[in-house]
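Just passing along the structure, written as structure tokens.
In order of appearance the chains are A, B, C, D, E and F, and numbering begins at 1 in each one.
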Amino acid sequence: MDVAISTLLSPIILFFMLGMGAALLRSQMTVPEAFSKGVSLYLMMAIGLKGGVEMSKNPLTTEVMLVLLAGIVLSFLIPLLAFVLLRFTTRLGQVDAAAVAAHYGSISIVTFVAATEAVRLSGFESGGHLVAVAALMETPAIITALFLAQRGSAAKAPVAGAEQGELVREVFLNASVVALVGALAVGWIAGVDGTASIQPFFTGLFQGVLCLFLLDMGLNAGRGLRQGWRQLEVATIGFGLYMPLLSASIAAGISLALGLPVGDAALLMTLAASASYIAVPAALRLALPEAKPSIYLTLSLGVTFPFNVTLGIPIYIFIAQAISS
Amino acid sequence: MFTRKRIELIIERMAYKRAGRILEEAGMTGYTVLPALAGFGNGNKWSRDTDISTSTDMVVMISIGDEARVTASLEKIAGLLGNHIGVVSVSTVEVLRPDRF
Amino acid sequence: MFTRKRIELIIERMAYKRAGRILEEAGMTGYTVLPALAGFGNGNKWSRDTDISTSTDMVVMISIGDEARVTASLEKIAGLLGNHIGVVSVSTVEVLRPDRF
Amino acid sequence: MFTRKRIELIIERMAYKRAGRILEEAGMTGYTVLPALAGFGNGNKWSRDTDISTSTDMVVMISIGDEARVTASLEKIAGLLGNHIGVVSVSTVEVLRPDRF
Amino acid sequence: MDVAISTLLSPIILFFMLGMGAALLRSQMTVPEAFSKGVSLYLMMAIGLKGGVEMSKNPLTTEVMLVLLAGIVLSFLIPLLAFVLLRFTTRLGQVDAAAVAAHYGSISIVTFVAATEAVRLSGFESGGHLVAVAALMETPAIITALFLAQRGSAAKAPVAGAEQGELVREVFLNASVVALVGALAVGWIAGVDGTASIQPFFTGLFQGVLCLFLLDMGLNAGRGLRQGWRQLEVATIGFGLYMPLLSASIAAGISLALGLPVGDAALLMTLAASASYIAVPAALRLALPEAKPSIYLTLSLGVTFPFNVTLGIPIYIFIAQAISS
Amino acid sequence: MDVAISTLLSPIILFFMLGMGAALLRSQMTVPEAFSKGVSLYLMMAIGLKGGVEMSKNPLTTEVMLVLLAGIVLSFLIPLLAFVLLRFTTRLGQVDAAAVAAHYGSISIVTFVAATEAVRLSGFESGGHLVAVAALMETPAIITALFLAQRGSAAKAPVAGAEQGELVREVFLNASVVALVGALAVGWIAGVDGTASIQPFFTGLFQGVLCLFLLDMGLNAGRGLRQGWRQLEVATIGFGLYMPLLSASIAAGISLALGLPVGDAALLMTLAASASYIAVPAALRLALPEAKPSIYLTLSLGVTFPFNVTLGIPIYIFIAQAISS
């Protein structure tokens, strides 16, 4: 448990709480969008490079392949579970339920990064290929969600022609996928020696930059919560809290089946539990404009993200230890 | 001076490319997109610096053209706005180079 | 098409929230705020990138609504502009969905 | 309310200072410059985030003044637009404080 | 004196002069607002963390408490002195005089940071709690100034209702206060070990980032001066040069009374001498919109800031040495 | 040749290719303008400082002077050659030909930086004064081009009065000149010791930041190419590929004549071969608004920049080795 404490008292989380507190107190403080976009690009390049370099160290095993596959499957299936739960427990309509489901099938790279730090702090290793898993889990959920949203309703395919291409590019070539996968490839190709000269920037500064970014995330999460919570019924907020635990347990089962080491298991669980708030919303504004951002954004950014970053991650690490012993 | 129509479209950032295609197809000779900073509508406020998934950002599209083309594009625009939140308004302006629009 | 009024308010960034409250109270259904980059008035020039205390920044607020509400808000706006530097102008526009404004 | 003219100039960023001088010389009491984000014209699209030499950026200049001065400035503006790409349009607006313009 | 020289020839100051020179030569060079806002956020987090970590090393002594108190008192009283001087020596009206006074009672965090570097260069230590003093000195001056501005004039309270809350948040929860106090708390809680992993970012890069920021400050100060000096009468410009010295001497007296070590004394003097150009202007646009930014901004940013950063700081260090020996 | 390979597989180039690929695949990924402007400011300050510090180590020799002179001469003359070639081989009119010529006489600082890295990777030294050469080469080409554009045509001088001053400032005091020359001066004055405390920021992070910037450059180059290539006839695109080689060979001749060491020769060749896409376009929008950006930007950014960064630089280093042995 003192792992949990030390995680909660790490500067990263403290800065997140600072931001969240300031937002809830309605401070006008903001981080310019252009700046935080640049910072998040840095984070994705750094995490991608790290993963690629580590993957370059040892060949692709079938285990690795299985984890990648597991990630894709999770991203495809979690939305189904989420959708059913939402339809039965909340008053959300088909489209909004499908939209929310997409977010929980996809991932939050910042949550993932916070988890890697926590795993490190707890003294465990984690494989570089988990970054690849993260990248692979971003998009399948969107496809499931679009299917769920049209299901039954003889609605015209939402998008066609130029729209189609626009959407496909947004889904498969959005900034985070390109940066993650691209940096992963660069790290893989350049390897340890090739990336030595750029490590001071991408590794040395990583935790520090993360503090700055999580301060901003806290501001965003806090504002999202303050502005949006009225739109959410209790059942929906509840979903934002138990769904991560559900997804994590499924991932725990898979980790057990695959016999993943503690670190990898914790990260896979975190990925399953985390909800997207950048890639998926953007894609859904194109594909499901009828879905209300005030619902899915508030839920994933205002409820689930804070939960995962503070309580969730320690729990997942704890479970990962339990199952792997 | 020559009379033309000016479309002003307040629409989500994610949708402006679609609006642009509509204007283009309707034969409008050009448009300009301005970023919005904040806004209010339907009782909701938004602000650019507080939405990381800049998906709720609005932009303002300005397009000047002759009445016929403007009317032509408006229908489709209305359709687009059926899905995406946004506001469209049309005003009358005078331009110097009629051939340009 | 239906006729509505369009308020265009060029006002300091620090004051736009107040203007927004005025518009809201007057029953305007929405507004959009655009950042300005630079400007000139009273013989003074300003530019966003050269004022660290972005307190002299201007923004442009656009709000479309029916004449009655616009007139109602204008008085209060004028009061606000008594203190804060800024410019307000009103023009006539045509909109598609009258119920919206 | 008093009737005035509103010039809206869509012009390259690099040229707005020149346009500003023209407006100033013509006696316009002020102007405001808004950054554009993207645009389309002559079959070319541009977008701010994809041109490092921000030299093809456009800005929108708004200047409100009385008809005489506006007309006076328009000729010179037209000359400027002969070189620089851009669009100028004039509309009629109502203002509260006539002395200001 | 060679301390002064070495300070003046440090890259930080050289870059400031570069920026100021470029602006006076009317170069079009600018640093994008979004970027410099991000950089200044970094600087405030870094300085806050540094202070917090150092404070975590040793318990709060009464001496520390007294310095904090001294800072608050200075911020409350300096505006009174400034106001009287302005009313007697310049043609500024009540409101403008009060507005200017607010700026000189408050502080410039960049000046403070430049001073800490100069103190370090001069081979002196400084206590982390001075950062707390800086944070505490930001706002009291504004309250004094508002009181001075209304005084006599039976003017309606400037703001009420929603305005009121907006102003209060702007005054007590503005970005710099949140970032400074917040980072201070984080540093205090996390301590030396907890912050070890983020030091490369927040400590290692500090001086370098400061160069970049001071280049921008130079551009701003130079432009402010070039555009605004015509609006200032000679007496007002004079005020911008002697007021810092006055405030510094008062702070020197207090330092002597409290028997502060050289470094702390120099920093307290710098805080007293420095004038705000971010927090206070923003607050005054809300509370005293009648006051002319072209006067108070030009004075604090175009006159006093350059003076402090170049000549002021060496002088304050010199005096601090004198009194503490 | 394995030097070429190792250059092509260095993270810097890989990230550039990533960006270019993403753009050609029409990904919507962008780096906010404000952020990349800030990053490029950092790069210019860093490279300027580096050069200045190295120049501070040893006195100005006549050889150094000669190289500076050579750079200026190249920048003045290359446009003449480029202009003639364009007029004879392409359908470009006088003004557009002159505009393009200006870009090839001037330089691309990013290409220069990439070359310094490649030279380092290849195990060669390079003199700090090459940075000064880069700064000096930025503007003369513009003057030649303006002369070429007016030549014959009894056209009114393009700009006068306020315009004149505006242009002169844009040409001689644009951001890159100020940052480069200024940082060079700072490095020179402060020297090795004075800049020690800022090295972690300006030197330690350099390669890493460069990766981030080249990713952005790749996006820009790719988009420029995708959007603009239709406007270019084959002959013009060809010019964008052989002109660098021509300029480089001229520079090679000069290097041979001056007996420059391998590193310096390679960099001088790179400067000659590189084409501007920031300073010159901005200046030309003021001075030659009739010239079409879609032509000169596409050519210098979309064709020549990628060529130089990938194939060109290794070639220039190879030639530099050849001539200096």
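Here is the rule we use: contacts are C-beta pairs under 8 Å (C-beta built on N, C-alpha and C of every residue); 3 or more make two chains touch, one makes a residue touch a chain.
Keep in mind that this is a model prediction, so the values were computed, not measured.
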Legend entry - Any chain in contact with chain D as well as chain F: none
Legend entry - Touch-network distance, chain C to chain F, counted in steps: 2
Legend entry - Distance between chain centroids, defined by C-alpha means - chain C, chain D (Å): 18
Inset, instruction - Express in whole angstrom the distance between the two chain centres, defined as the mean CA positions of chain B and chain F. - result: 39
Inset, instruction - Could you tell me the distance, in whole angstrom, between the mean C-alpha positions of chain B and chain E? - result: 44
Legend entry - Of all residues in chain D, the ones touching two or more other chains: 34-35, 45, 91
Legend entry - Contacts with 2+ other chains: residues of chain A: 30-36, 38, 200, 204-205
Legend entry - Every chain pair meeting the contact rule: A-B, A-E, A-F, B-C, B-D, C-D, C-E, D-F, E-F
Inset, instruction - Using the touch definition up top, name the residues of chain F that touch chain D in the complex. - result: 23, 30-33, 36, 40, 162-163, 166, 216-217, 219-220, 223-224, 227, 277-282, 284-286, 289-290, 293-294, 297, 301
Inset, instruction - Quick one: which bits of chain A touch chain E in the complex? Just the residue numbers, please. - result: 9-11, 14-15, 18, 22, 25-36, 38-39, 200, 204-205, 207-209, 211-212, 215
Legend entry - chain C contact footprint on chain D (complex, rising order): 1, 4, 6, 16, 20, 23-24, 29-35, 59, 62, 64, 91-97, 100
Inset, instruction - State the interface residues of chain D toward chain F in the complex, per the touch definition above. - result: 12, 14-15, 17-18, 21, 44-45, 47-56, 83-84
Inset, instruction - Name, in rising order, each residue of chain D that touches chain B in their complex. - result: 8, 10, 34-42, 45, 58, 60, 74, 78, 81, 87-91
